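I have placed the structure first, in the form of structure tokens, so that the comments after it can refer back to it.
As written, the chains take the letters A, B, C and D, and residue 1 is the first residue of each chain.
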């Protein structure tokens, strides 16, 4: 009797999971916080999935907070991500870890950036989430590497690429994609206005560009 | 039968705890890392307890790592503190959170300092540890508040005092004690050499001074 | 004949100088740039002199530019000060030399601050100007030395006091006066709103307070 | 009689100048301060001129001081450069203007860097010196623009290139030359050890490389 009841419960739970849409959490900073607004990259991804008739297969959840660095993600991971039992987590962080070195003296040392990132991945994987790493796109869109913090942003992006390789995780290399796009579409070497409004945050073109880049990562598997 | 066995086990475990010396962890940065060496404040505390015939009542454990800030403590708390099942934890942190703003652009914002500190306390208390907060003593020993980062260090110390009050926790106010000592013993307004070797790290007098200040907190209860 | 003409010319020039009002230049940053507006401390000083019937004895000239540090003053001294052949020059600088360390990584090292200040004084004195040194008042009005940059601002103010003593120059110690005022009038330990609008720039009370402090320096000799 | 004496004096002075070796001052920071030592780039330039039989045609003078930024050059220009009545002045500055933003919060804002540089050129030209501008070579030799301050250093180098163009002055583009050299000779993307000992200061190869680059600028005209 009891065994039978247990089996039925298990089947029901499994069914709930099977029928449950795939839950995708976007974990990041102000860029991701804005992404759930109309025109934001998460909103666009949801629309794209709906247009392809996959709207009910996915549940996209924004978990971005302005000013966040890698260690802020670590602090709020349990409440804001793990509590949602995600199937997939995009980690899109790093701009503030670099930027705040110059604006407020409170950036993140490279070795600690990697240390917290590793710990974050370990905990997300322990909760059975598929983790997708993103490189921080830009702090300034000039294409000749003369944006003030290009050197550091290149370094941190490389650390993330190394991490993806080391942990065998998918990499959504926004920084590389943004640079390639700007090399074609920013002949005037402007520091903003191509994919961003203000050197960092995405304009409409930028939000669509990120949505396009992330789409295949969302629908993989 | 089973109940009896359980009760016996419980008694045995309790007995083990009762006989176990009180375990005190000192959780901090390079100042605490150096404190377990000969002449360090933890070594001195151990010696003081032994001299008073209380050597077997306490087990003092250093858990300091150079360069640590509040969020580094949070990251390694489980492995380095909770795993040791401490009865008491001194949290002695804050110098690098302020200092690194100037030396490497990687200090800690005040609001995030408090946020991580709160989370740390909550987890330590959940593990039944008695938590004792320490203010960061000095970055420079000049007594006229002209050490470069005195303003910020005063602010962070006040945040810790407020936190102790809000959480009803004992406060070991090293910053206040160091200033009072220097006002009496540093008539030349020197920036180092009174209680520190280099504006930050403790000399022999400084280690004894800290040990004296902490002694009553260790033996309380 | 020629000698006679020369003597006449000399007398005429001297007369022009004798009748000329005493020219006082206020050389500084944004605080001084705003001081020539209605309600500003220079405007108030002019009004005070007029009320005492001394309006025609003095010509007060603002030479403040926002964001200036000591070396900016040195660069534009010839055009903006010496060209006006001043009798008296107030040097009111130092806030940005300290502040910009934190806001943009472009403050001024203490030893270079002194070096440029010395060179500035030497050139102003060579042009027969009486030089009056001012300490930078505040970056934050809290009275417990917990404004973030109090330590550094205290240090630079002390360097200016030492300089005044070494060069035997009058010192208008705004920093000391502001602190004394706040100790009496800022019981809530607020960081702005007592003498400043925004921790740095003067409100009406602050402008009057500075005008009152400077008045006797203007009218001395 | 008097006219004759004057003419003779004039001829003698002219002769002195005609026979005088061309005086070349290297005006810069610690890189140039070290350049007069054995093996340094100025010492090498002198040796190269001697080997070509031009040793008596040139007098090379080092005027480098460690830690100098553009405004430090401006402050000491009269004593250290103009007093030597140079025919040619190499201005080799910019590393500390960028570097100190990160190491001590006391770098130089881009607009002020240009302002002081313009003023320096104007004064040097007024003294009839031929001015040669150099870009700051490297802070780190990695070739993928991931040295932390590459972005800023690229920006300041571009400002110097623009300045050379605007003022129609010869440009010794060390930064471009160093990058080209490293792209060929630093396949391991090391941050030091190719042309520098420590990411900034020149090793033997670096000193010879700079001497080779500067040689034609010295002997031009």
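FYI, contacts are C-beta pairs under 8 Å (C-beta built on N, C-alpha and C of every residue); 3 or more make two chains touch, one makes a residue touch a chain.
None of the values given here were measured: they were computed from a predicted structure.
On a Cα centroid basis, the chain most remote from chain D in this structure is B. Comparing the residue numbers each copy contributes, chain A and chain B share more than half of them at their mutual interface. One rotation lays the C-alpha atoms of chain C on chain D, and its angle is 180 degrees to the nearest 5.
Chain centres here are Cα means. That of chain A falls 37 Å from that of chain B. Inter-chain spacing, taken between the CA centroids of chain B and chain D, is 52 Å.
Chain contacts: chain B has residues 101-102, 104-105 touching two or more partner chains.
If touching chains are joined by edges, the resulting network of the protein chains shown connects every chain directly with every other.
Residue ranges on chain C touching chain D, taken from their complex, read 71-72, 74-75, 100-102, 104-109, 112, 115-116, 119. Across the interface of their complex, chain C is touched by residues 102-105 of chain A. By the touch rule above, chain B contacts chain C in their complex via residues 101-102, 105, 140, 144-155, 158.
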